[in-house]
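Take a look at the following structure, please.
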Amino acid sequence: MLRYIARRLLWAVALLFIVTAVIFVIFNVLPTADPAQLRAGRGASVEQIEAIRESLGLNDPIHVRFARYVEGVVTEFDLGRSIFQNNAPVRDIIFDRLPATIMLTVGAAILWLAVAIPVGVISAVRRRSLLDRTTMITTLTLISAPVFWLGLVALYLFAQDVGVIKIFPGIGAYSEADTFLGKVGAMILPWIVLASATAAIYARYIRSQMIEVMGEDYIRTARAKGAPEGVVVRRHGLRSALTPVVTLLGVDIGTLLAGNAILTETVFNIPGVGGELASAIGQSDYELIQGIVLFGAFFIVIFSLIVDVLYAYLDPRVRYS
Amino acid sequence: MSAPGTELLSVSGLEVTFRTDAGELRAVDGLSFDLRRGEILGIVGESGSGKSVASLSILGLTRGPDTVISGRAEFDGRDLIALGEEELRELRGNRISMIFQDPLSSLHPFYTIGRQLIEAIQVHRSARKADAAARAVELLEMVGIPDARRRLDEYPHEFSGGMRQRAMIAMALANEPDILIADEPTTALDVTTQAQILGLIKDLREQLGMAVIMITHDLGVVAEVADRVLVMYAGRAVESAPVDALFYDPQHPYTWGLLGSVTRMDRPRAAKLAQIKGQPPSPLALPAGCKFRPRCPHAFDRCAVEPPLEPRSGDSAHADRCWLGPDEKRAKRVVEGGEIGLEAA
Amino acid sequence: MRRHPWLLTLLVLALALALPACGGGDDDEGGGGSTGGGTGIPEEFAAPTAPPEDAQPGGELTVIAAEDIDYMDPGPAYYQFTYMVTAAAHRTLLGWKPDDTTEPSPDLAAEEPEISDDGKTITFKLREGIRFSPPVDREVTSADVKYAIERGLLPGVANAYLPSYLGDVVGFKQALKQARENPTGGAPDIPGIQTPDDQTLVIELERPTAATVIQALSLPISAPVPEEYAKEFDAENPSTYGEHVVFTGPYMVENNAKGELVGYKPGREIRLVRNPNWDPETDYRPAYLDAITIREGFADTASASRRILNGSAQVNGDLTPPPNVIQEAAQSAEPGQLTATPSGGNRYIALNTQAPPFDDINVRKAVVAASDRVALRNTRGGELVGPVATHYIPPNFPGFEEAGGVEGTGADFLAKPEGDIELAKEYMRQAGYESGMCEGDCTVTLVGDGASPAKETTAVFEDALRALGFEPQTRGVARDIMYTRFCGNPKAAPNVCPSVGWLKDFNDPQSMLQPTFSGDQIQPSNNVNWPQLDVPEINEAIDEATLIADPEERAKAWGEIDKMITEQAAAVPYVWDNQVNIQSADVAGVINLFNANWDLAFTSLKAE
């Protein structure tokens, strides 16, 4: 088990280095615009741009710049500075945005699991019942609904500021809330919006997993033992059906923390990593985009590591292979 | 408890129908048999003959919205077919246990052997975990698993095939059942292990006095352990006989075919004996009359009507479903080198 | 202004309004506005430039914004939305009162600056009793202004407009060179900026360009910076003074005892509170509000706009309501909730004058004449988006009337806003195309912004090209790429850059015309003279006009230059931008005409 983790850890480090290199090349060797020129602004003279380029070290050879970047990342987790936004350090911007993204992601994950597991299981157990069919149609609709659209619909229906039925806090409520409880309130609509599509995907996935598992021989064994149906479904069926869901969940949480909640955060103006990425892209703030992408890669690699280890814990067969 | 020698389980007119997208599928049709205390009944047939479905249906394991089960299965004065799910559940793994073909897939991969054994115990009796664990060790020792206490904490994939099946048997015997249904228990095992497991089942039968239904496609297995045999074809019994009578005086051409394809370790196979031709009929499109008719080289006009299962050879314990007279049968079955087959080349 | 959000956010959003023409068709309004002051803005949407007489002190206002300001540091600050903050929190030598359109008013300066007879010396007298916000607290001196300007040359501050407008200050270029060679060695001394006493600032010029110098000193660069406090931050590159700014205006960003701006969370929030060291006796700003919170990140402008319109105590910051919301608001909002203001910007389709076929002035005139500028403007929205442009200096601007006002310069090819195909063909014939249509190789390359609404504008222009037999080959790319790779790079410039436009730096026509049409300003990269117009007479006229100090003469001279440029048909001007601003019903907002946005120091909340 320890060797297994060590091997995965080593691989993760190697992967991160490769990812850093690739991202650096994308943003520095193949730039779509010149960061010095972006900083200089319109109408700046060629000399002004050149002075800024020199002072930012952009004239150094690429390997020197890469070494400097890696050194900064490794020693101080220095991801550079935003071209705009008051020259703020990218690291500080990300850390400032992370709590909101974590709260959004974790809350949504709890919500979508809380919905998807019972729905998926019941649909699988009561396959082809009216409930199953209704659920499957609903989930299909939710999966095809764009998050941005869903978010706006939710706002115009239920938000206190622009909604018809003024129940939940609306756009920007997260920033305005001073208390944790207030922030939770502000997160209700975003949680629902972010969780809905994923809940639908998970419900379908859990359903199909569950149908497959419930046809396994060991389920028949459990029944032959005389185990009550509830025990058979939960202890024997669900346990197996949920194990692959862990992989899915790890990837989804990793990518959401990496900024994949971009649309939800944008619609609800939640000051998270995704919203920041959207605005950085809108402003062509390359240094910031690069930092967020790299940071996101960290998250995804780390979460896939966690998933691997967790999987080994959950499925004893993996441990010994 | 009924007296020794009397029927422990009496199945009559069992019918199992599955509703599928392709239509109604009658897997078991009018199956009747008795099982006596302490007896080993072999049920033989090809895959799809309904032998597994029949036994699973008796335990209610095929129940579902798309299954129709009718007939009777009397056990201990109760009709298992009509029994409610909860009452049936109390019998399962307790009075009637079952083991399966592939012990690896039949054991839950995520739980230790010990945990699965303890569950089998605790489902039916309120035992403290420590007591259940002690009982589990006892059971593993009984089925011949060495170092049982340590192996309790191991997972199924850490066991060898034979050891897994032993563990399955231990689990099935946890509550000292009256009946053990063994569904192809040795098919997935190598020959040596196969013999050990069959020996174990026989020993345990002696030791515990339980009855066994041994479901198999392999007449060799039947010859090894069974007291009586039921040959199934297309969802029905085509021949029912004490084991010796079946081997020495088989009545149904299908049985002849099965005997012809038997692999016996003690002598080389007779080269001239042919396999049964063709495929078993689809349960969705069964032929009229005798179900074996399309594959039978001896079929004649009368076979258009399905013969009932009744004694025809003079032995009241030996019944079959073939219109041929006893003499015709003796003449037509091929006897060569002490072997019986379907026809001569 | 600085950084392309000027291009990206401001103009795109400001002009992305697709307003239906209010009340009737587009028949007669093509020539521009018909109401007040030649701005083309209907009376009911005219911007309020004074607070109501019964304006109430107190209350808190929320500004709803999509993006952040560019820099909190007044040195590099160069963005319209940032000016909204700096105007309320800083006192520059000169400032813009809400209704100032031609000249700024003395603010930190006690009176109008004195210009010597030779036009080469400017003397400012500073007001007394103006103090920095905590933790600096001391009184402002002329040395603080001198330092503020000088530090702007440091690469770590990198003010973008100083070299353009203060380049004639004695010793400026030397100081700039010094700052570049030693970026962390402290602000370089500019010998031409002198402080004979604490209240006097003297600026010596090599050429008499006082007019632009004075206007440039109305921008945040002249907000005083205390050297003894700021120099440790300026020793870093980039400077971290932006995280520690001290203020002189009625408001300040909330900070702690060390001066760290705890009230500024980049990209999220700016919290402005009253500056305890501000003395109302010294200021023309009434500063009614107790506090202002700027909330950023409202990327969906529709829902953000509805929030403002339906909500309480809110105004828009950098965001502009989308067309459908404006349409709703025009009908259902309370009077005054929706306003439009000329923003001092224009949009045009630049024709590359250095390459065939548009090196021929007659071909250019033909294409301009063939263009339906009403349709071009309408791709951006209807009437409220701004009047159809007939030249380049925008309304409410010195030189606008002198160049011909809304009616235009008299150029025949711009006389009909819907286009004049017969005239166009006539010009084609003059260019040597007998049929009035292009013959031979008629391929014309265009590189435009590939996003809406710019791509729709491009498509309308393609029709004009086709009408004259040209074969347009269009590439739609991202805005950045359009500028850096194509339109701003003369070597790679296409025949047509259909998605360009310019916003003033301040209300002086030089800032509209010099960078964009002077042949001396063409740069090998980051070029903004997109037509690459290089006409010696125009270049000379521009050089002369930069030296005129008298406002009237100046306006007249630049008006003439505008006419000369227009006559060159180097571009198709099609709109003078308006900025649409919105407020909650309980806000008594005041628009600053200079910045075309809310003036936070004049805005108040209505009584309950």
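Chains: A, B and C, in written order; residue numbering restarts at 1 for each.
Operating definition for what follows: contacts are C-beta pairs under 8 Å (C-beta built on N, C-alpha and C of every residue); 3 or more make two chains touch, one makes a residue touch a chain.
Computed from a predicted structure; not experimentally measured.
Enquirer: If you average all the Cα positions, which chain's own average lands nearest?
Expert: Nearest to the common C-alpha centre lies chain A.
Enquirer: Computing the C-alpha centre of each chain, which chain sits at the greatest distance from chain C?
Expert: Of all chains, B has its centre farthest from that of chain C.
Enquirer: Could you tell me the distance, in whole angstrom, between the mean C-alpha positions of chain A and chain B?
Expert: Chain A and chain B have C-alpha centres separated by 53 Å.
Enquirer: Can you check how far apart chain A and chain C are, centre to centre, with Cα atoms defining each centre and the answer in Å?
Expert: Using C-alpha averages as centres, the distance is 39 Å.
Enquirer: Distance-wise, how many Å sit between the C-alpha centres of chain B and chain C, to the nearest whole number?
Expert: About 91 Å separates the centre of chain B from that of chain C.
Enquirer: Could you pull out which chain B residues touch chain A in their complex?
Expert: So the residues of chain B in touch with chain A come to 56, 59, 61, 65, 85, 89-94, 97-98, 100, 102, 105-110, 119-120, 123-124, 155, 157-158, 168, 171-172.
Enquirer: Touching chain B in the complex: which residues of chain A?
Expert: 128, 216-218, 220-229, 231, 235-236, 239-240, 243, 314-317, 320
Enquirer: Over in the complex, which chain A residues touch chain C? Could you list them?
Expert: 32-34, 37-46, 48-49, 51-52, 54-55, 81-88, 93, 96-97, 152, 155-156, 161-162, 170-172, 175-176, 266-267, 269-271, 275-276, 278-279, 282-284
Enquirer: Which of the residues in chain C end up touching chain A in this complex?
Expert: Chain C reaches chain A through residues 1-9, 64, 66-73, 78, 155-156, 158, 160-161, 163-164, 180, 183, 237-240, 242-243, 264-269, 295, 297-300, 302-304, 306-307, 310-311, 478, 480-481, 483-484, 515, 523-526, 528.
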